[in-house]
Amino acid sequence: MNVTHPFLDLNGDKLREECGVFGAINASDASAVTALGLHALQHRGQEAAGITSYDGDRFYSVRGTGHVADNFSTEEALAELSGHMAAGHVRYSTTGGSGLRNVQPLYADLASGGFAVAHNGNISNARTLRDEMVSRGAIFQSTSDTEVIIHLVATSRYPTMVDRLVDALRMVEGAYSLIVMTPEGMIACRDPYGIRPLVMGKIGDATVFASESVAFDVIGAEMIREVEPGELIHVGFDGSIETLHPFGNIKPRPCIFEHVYFSRPDSVFAGQSVYSSRKSIGVELAIESPADVDLVVPVPDSGVPAAIGYAQQAGVPFELGIIRSHYVGRTFIQPTDGARTSSVSLKHNANRALIEGKRIVLIDDSLVRGTTSIKIVQMMRDAGATEVHFRVASPPFAHSCFYGVDTPEREKLLAARMELAPMREYIGADSLAFISIDGLYRAVGSDKRENNAPQYCDACFTGEYPTPLTDFTASKEKAAQLSFSDHKADI
Amino acid sequence: MNVTHPFLDLNGDKLREECGVFGAINASDASAVTALGLHALQHRGQEAAGITSYDGDRFYSVRGTGHVADNFSTEEALAELSGHMAAGHVRYSTTGGSGLRNVQPLYADLASGGFAVAHNGNISNARTLRDEMVSRGAIFQSTSDTEVIIHLVATSRYPTMVDRLVDALRMVEGAYSLIVMTPEGMIACRDPYGIRPLVMGKIGDATVFASESVAFDVIGAEMIREVEPGELIHVGFDGSIETLHPFGNIKPRPCIFEHVYFSRPDSVFAGQSVYSSRKSIGVELAIESPADVDLVVPVPDSGVPAAIGYAQQAGVPFELGIIRSHYVGRTFIQPTDGARTSSVSLKHNANRALIEGKRIVLIDDSLVRGTTSIKIVQMMRDAGATEVHFRVASPPFAHSCFYGVDTPEREKLLAARMELAPMREYIGADSLAFISIDGLYRAVGSDKRENNAPQYCDACFTGEYPTPLTDFTASKEKAAQLSFSDHKADI
Amino acid sequence: MNVTHPFLDLNGDKLREECGVFGAINASDASAVTALGLHALQHRGQEAAGITSYDGDRFYSVRGTGHVADNFSTEEALAELSGHMAAGHVRYSTTGGSGLRNVQPLYADLASGGFAVAHNGNISNARTLRDEMVSRGAIFQSTSDTEVIIHLVATSRYPTMVDRLVDALRMVEGAYSLIVMTPEGMIACRDPYGIRPLVMGKIGDATVFASESVAFDVIGAEMIREVEPGELIHVGFDGSIETLHPFGNIKPRPCIFEHVYFSRPDSVFAGQSVYSSRKSIGVELAIESPADVDLVVPVPDSGVPAAIGYAQQAGVPFELGIIRSHYVGRTFIQPTDGARTSSVSLKHNANRALIEGKRIVLIDDSLVRGTTSIKIVQMMRDAGATEVHFRVASPPFAHSCFYGVDTPEREKLLAARMELAPMREYIGADSLAFISIDGLYRAVGSDKRENNAPQYCDACFTGEYPTPLTDFTASKEKAAQLSFSDHKADI
Amino acid sequence: MNVTHPFLDLNGDKLREECGVFGAINASDASAVTALGLHALQHRGQEAAGITSYDGDRFYSVRGTGHVADNFSTEEALAELSGHMAAGHVRYSTTGGSGLRNVQPLYADLASGGFAVAHNGNISNARTLRDEMVSRGAIFQSTSDTEVIIHLVATSRYPTMVDRLVDALRMVEGAYSLIVMTPEGMIACRDPYGIRPLVMGKIGDATVFASESVAFDVIGAEMIREVEPGELIHVGFDGSIETLHPFGNIKPRPCIFEHVYFSRPDSVFAGQSVYSSRKSIGVELAIESPADVDLVVPVPDSGVPAAIGYAQQAGVPFELGIIRSHYVGRTFIQPTDGARTSSVSLKHNANRALIEGKRIVLIDDSLVRGTTSIKIVQMMRDAGATEVHFRVASPPFAHSCFYGVDTPEREKLLAARMELAPMREYIGADSLAFISIDGLYRAVGSDKRENNAPQYCDACFTGEYPTPLTDFTASKEKAAQLSFSDHKADI
């Protein structure tokens, strides 16, 4: 059978989280703390970073492309960011050079004073709201969905900042974990479903918020608790902490993919260690889909915990059959003659001496478009593996995410295009299995996805989205989370 | 008598025009034409430059600090600026690193489509308008007065872009020469007094607009005429040209300082060659205030044409007694020992062999704070001049400009602080004279400033401002043209 | 007992290899192949990189600080490096900004034509030779020991390049794996002991040389064999390959630390898979020094293979108790208040949920100064480990290396300062053990270090150096491999 | 008659001096003084700059492309250049990116200690000497002729640095003004003919040397005298000053073109004010070649002093008929349609209102290839001039310079290709005249070029070179001053 590879030119085969956020208030060096916290969240967004601070009088912003360390590691960089309150953001830029004005935190001078916001998530009715506001004369400067929130706050008629923000958030749909700064203090809040993560910590007199608990470990802060789904926490400059649940009683559905891939393994999400979740996924996978092999080989690095779990459960040696380079990130120009290489081989190399003559099972966290998997399987065969089995630590990824994850359009998702057998043939493995949706729920410690009341957002596997998808429904031909860009600027 | 020098630390003693603008429509390489045109206007603003283009579908913007040549001379830079319509802007940045979002053209997505504007001038009621709009929920991204115009256009209820722009401009006071781009074409307009210049030209099928005619010389375009004070010209993509005079019949008062200093000598302004105006000023000055000297020495380069006129009238040799370095622009750190230098001596050096033992008259274009003049006079004495007379090719500069020229606060203007005699003593000259206001009017070919109906804006000399100064009046303690900045960002 | 920590401010606790080399001849895109090959050797030197090419007429060089990908991934970068022969080098710069002229390949115009050389190793009599040559009027431009070889070649009286190079190498002591380019072709050679690695491969018509076999995997080349210790291979532009053994019959002693730490695990060194060597070291270590623990935890990433071996032998679960960040490399400024962090915590974070309440054994590749180990042990205790045992996959490192490895002065080596018990106390572990020298030899597949005839250079453990250390002996107070720098330049 | 323009694509039509040098000893901030001094010499070399300093222990060097102000105006830049002795150099880089290793001062560690040299001029037997030295095993790192001097010093057998330098200079031919630094102090010297300038000054305890006296004006130093042709001055750290004339009694012949074009008008060269020389040339030219015109128009800026002299002598008004932009330096990409521009029109613009309907005479300093002159004449006609006469303030430039001036090959010199009449036709002027060689000598105050014993080097006009041209003679097909480059490197 002739399998065509219509999109092998795509050079990335991993999902990309859109952002990480961090905030600190009542810290004497708020921007230095924020820089370190953001650095620990770098895996959530590697293409741009920004920090905004407030010194009791003015707000200051510095934003740049590249890593946190490239922009915020020096005294000079932080000297411009004075004050006891700061918030920061890391993100993937969606369009090449044109992104700096989209780098968060976004800031606006409102009649009520300065307003800065850092947002992880995606507003699924942003375009609809924006079109309405523009038709009334509002002017948007960025193409970010987050700016919709600022305009809603700016035109709210409520007196206090907290009330104005609640008023604004009642109009938006989708996923948001927000850190907001105003002259009255810091507000952290999470959408009613708690789709994206947000945690609260303490270090000395300072209160800190972050997308993941690992940021607290790095700065030596103590984790207090998760910000609850639908909760809004206001911290004042006097240290006062108020909490509201303005959206009523909604059953939370945090993103299950945080366990599978997004969060760092040393973070705790939805009450469970991510490392432990991943190992358990490996254990469940070994039970559901065993393989008669000599070695369990992880696709590094994200497949490692599941592979350890799989190997322990299966009683087969865990071995580094693929060595990952630490020095990736750039594409090299290709020699025109004999030498062939690829972004995959720059990143991964077969441990030939180990693989040769062995039957192996590869463990990867997910299979999105399959482009990398084809190459990895072939690399194992080239290195002499006699059998190559493939196990995936998540169910088939068949539906786009509209909540802040940069997913391909649905027609590019391998699992949306094929059944299991053609997928196996497509990637060239001797066998292929995904963990079941129930197995995944077991692994993350949930008592299962029964009675049509899932404890997690698992829409990427099931298509059951917790919120309406207003923009997407209004305009099927445009993916709802695409940018609004009619104007392309270099800032 | 003991003369104190309270502000000798100020390192600039020239007025700085705020901007130059250029636009081209129906040009196959609109952004390349615009880059060259802006380059010819570089003297009107040297700290930042921007170009926005429109290709029939999208607008594109590139902005940067530094000169036009630094940002827009290469193919790569212009490759991002496709389309048959483009407009550009050069400016002085008012605040260090925080200015990129203030670099023009400004752009906004309005309900009616994209809207870009490049502005030379200053809106003297911008803060008042802005405060009103913010209180109704409008969000400003820049601290530029120009953004007020965009918001007024965005909220106008008129149907066409031209009507909306007229509606907006009826609400603003002050000086503006604007180049606006919309999906319907390019609009060039000038405030009712025509304070700042704007000219219209033609090259092939393209229509071009520029702050000064010299921009047309450089690109090989033909000058058609000045945009008239109070005129609004709309050029369509079909080549159609419509013109309006929506503000009624107001006697124009273009800025007389364009003749004295701002415009390039090879430009034509208000119907007269600037070089010829300056020479005539020198002639009038020689008639009004002769000096018994051996040499006429210009303070280069802006004093040269007046010095040529002065020398011809006086029958005294014109000589380069001061040599100007072509390589200025940066301040060097100072050696701690013997070596003393200054920004003046880096820029100007006495032609000692020529000066020694001579009586000279120095001709400079203006005397603002006097800081440079002190040093120049001293430099001449150090070089052995036996007498140093000083003639100024403009009347005493005693009033701040609120129309787009970056002037010191009034209390720093030498002519606002002292009469003629102390000024002479302050700068250390043997004699000092300014051209009279009537002499200046004669030199620029006007039949004089009689009947209280001046043909020029000469407010900097007379204090008679053509428009209300709403912001300044509302808030005496803040100079009206200061920025609105409550937020300091690096973009 | 009171243990002082006199050098805890040192921020690096790993040995650093000085270089990696790569060369390609008879390749149509020699510089592109070289860039990819160097990239695969990036772990051998991360601070600067250079490539020199030859197009049959001229030599071309590009050198830069930073990674290979920063300097050589684009078409523009390689466009300057035309020709069918190229060689490259990655290195640690020894002195801040002053290094660009020390970045290799070094090049000189000799009477016999152009001569370029890339060198991995260290000439242990370089200073002595240099002093002699300078006293005769030779001028050195770099402070690199490698330049000594060029001067020796330049003044050799032999007729052919190969003879001149052999003549030069007879005068030098120490470690060298060289790739030399001349108008006659490429010469690869290795010092008589073969201390540093060098392998030979083939891809199409091209012959390639590299420090490690992994470079061949990345470019899709086939490994032919190691360049033998004391062998000199000349490859002509006609594809001819000549080989010489000009230094007679000397028992080789390649560096055993390549197995322990330097080489990538997917490389083959001295005939054995490095990954397999490291796993075997873990197995031997588990036999020699068992620990009664719940988990085996590697210090990532270099400790992982030994930890896998240890865990398999001990029958104890292998777990990722320490999570390594992918985004390290820069030092952040420290917040002044509560938040404490360190370069260790930016790089490593405890997997707290896993560690808490467990007895663990940490496996690290080596213990040099101990500064990191102290912090890692403490981090485990802070995360709740009840017992922390420490096992080291190399013998005590008690002697400086003079063969191209950047080691601390001997008095800073922990094992040169203390016996085992104080070391254990110093790092704060419950137990501490190193693999024995015999265990290490067993693990790397050698029939042992008997009869005083070691098969490897193990001088860092034993102090038995294979060559004289002329410079070091001549000047005890200066470490022989320190630079000659009397002049500090920025290029 | 049909005149072809075979080289109109050449974009520069001015001669370019190769360098300027500056040195300071016994100055507490030697590098800051040197930076300012070099800045005043920027017109002598605009593409690269370097400073080397000595602090009694080590030498420090910083070199960079671009202007002095770009590299040496900040405290950070100078912080690396400590010490009481410093010397610097400005130059034109001859080959694109490959020049940094050629940027001076050059430095070498000699057996006698550090040795740094900054050189203005050109060694006309450099290639011959270099070939000899390379054949004996010497290694050259730069392609600069200056490095020959260093190698000659390195291999000299004399005991003191002064003797070694004299020994070296006895072997070189050509033009050199050198500033040398050794651990014993600073040596300034000038070749026996004194072809290139060098002056000596004093500021406090410091002794300073510079290519032109203007550098002393800028730093506030006092000029003492010229370094004499053939003189060598050694200044010690104790302030001692020794002077030698080791080359015997040779009649000096300084470069007459320093008067015509290279030196700044406010410098004094060979005992005469350069401004005064240029004005006198204009006077002589007006006597020799009058023109019946309405206006005298200089080609700015270098033609201005001669034009003033011409106008005063002729009794015709001096007017700025061509306005020069201050913002040149870069080439813009050209629009493809109507808009035409050129590097000439970016730099020069006709003052149309002045020119129209007038008969003018243009005064330029020299006519080398004629490419600019063609365009300037055409520009005047396009602006409406009824007659355009052209007068050149130097004799026909018909011979290449081998003494440090970057001249075109002889066959590209207009005066080497044509007689006067075709030249006039070629540039399109109504009349054309050059000053006579005797007129030029009169203008520079010399009693004439009689008895075959010229007081200046005027070889570019006469072909009578003061020194042998060994390299040029040895290899007619290669211009002697071309670089030795067989190797192209980016540093």
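For reference, chains read A, B, C and D in written order, and residue numbers begin at 1 within each chain.
FYI, a residue touches a chain if its C-beta (ideal position, glycine included) is under 8 Å from a C-beta of that chain, and two chains touch if they have at least 3 such contacts.
Just so it is clear, the structure is predicted and the values come from calculations on it, not from any experiment.
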Contacts common to chain A and chain B (chain labels): none
Label of the chain whose CA centroid is most distant from the centroid of chain D: A
Gap in Å, rounded to a whole number, between the CA centres of chain D and chain A: 61
Whole-Å gap separating chain B and chain D, where each centre is the average of the chain's CA atoms: 37
Residues of chain C engaged with two or more neighbouring chains: none
Chain contact graph, described as a line, ring, star, complete graph or other shape: ring
Touch relationships between chains, expressed as pairs: A-B, A-C, B-D, C-D
Residues on chain B engaged by chain D in the complex (per definition of touch): 27-29, 32-33, 35-36, 39-40, 42-43, 46, 67-70, 72-75, 78, 203-206, 214, 217-221, 264-266, 268, 273, 275-276, 301, 304-305, 308, 312, 317-320, 323, 325-327, 329-341, 345-346, 349-354
Of all residues in chain A, those that touch chain B in their complex: 58-64, 80, 97, 100-101, 107-111, 114, 134-141, 150-151, 154-156, 484, 486-491
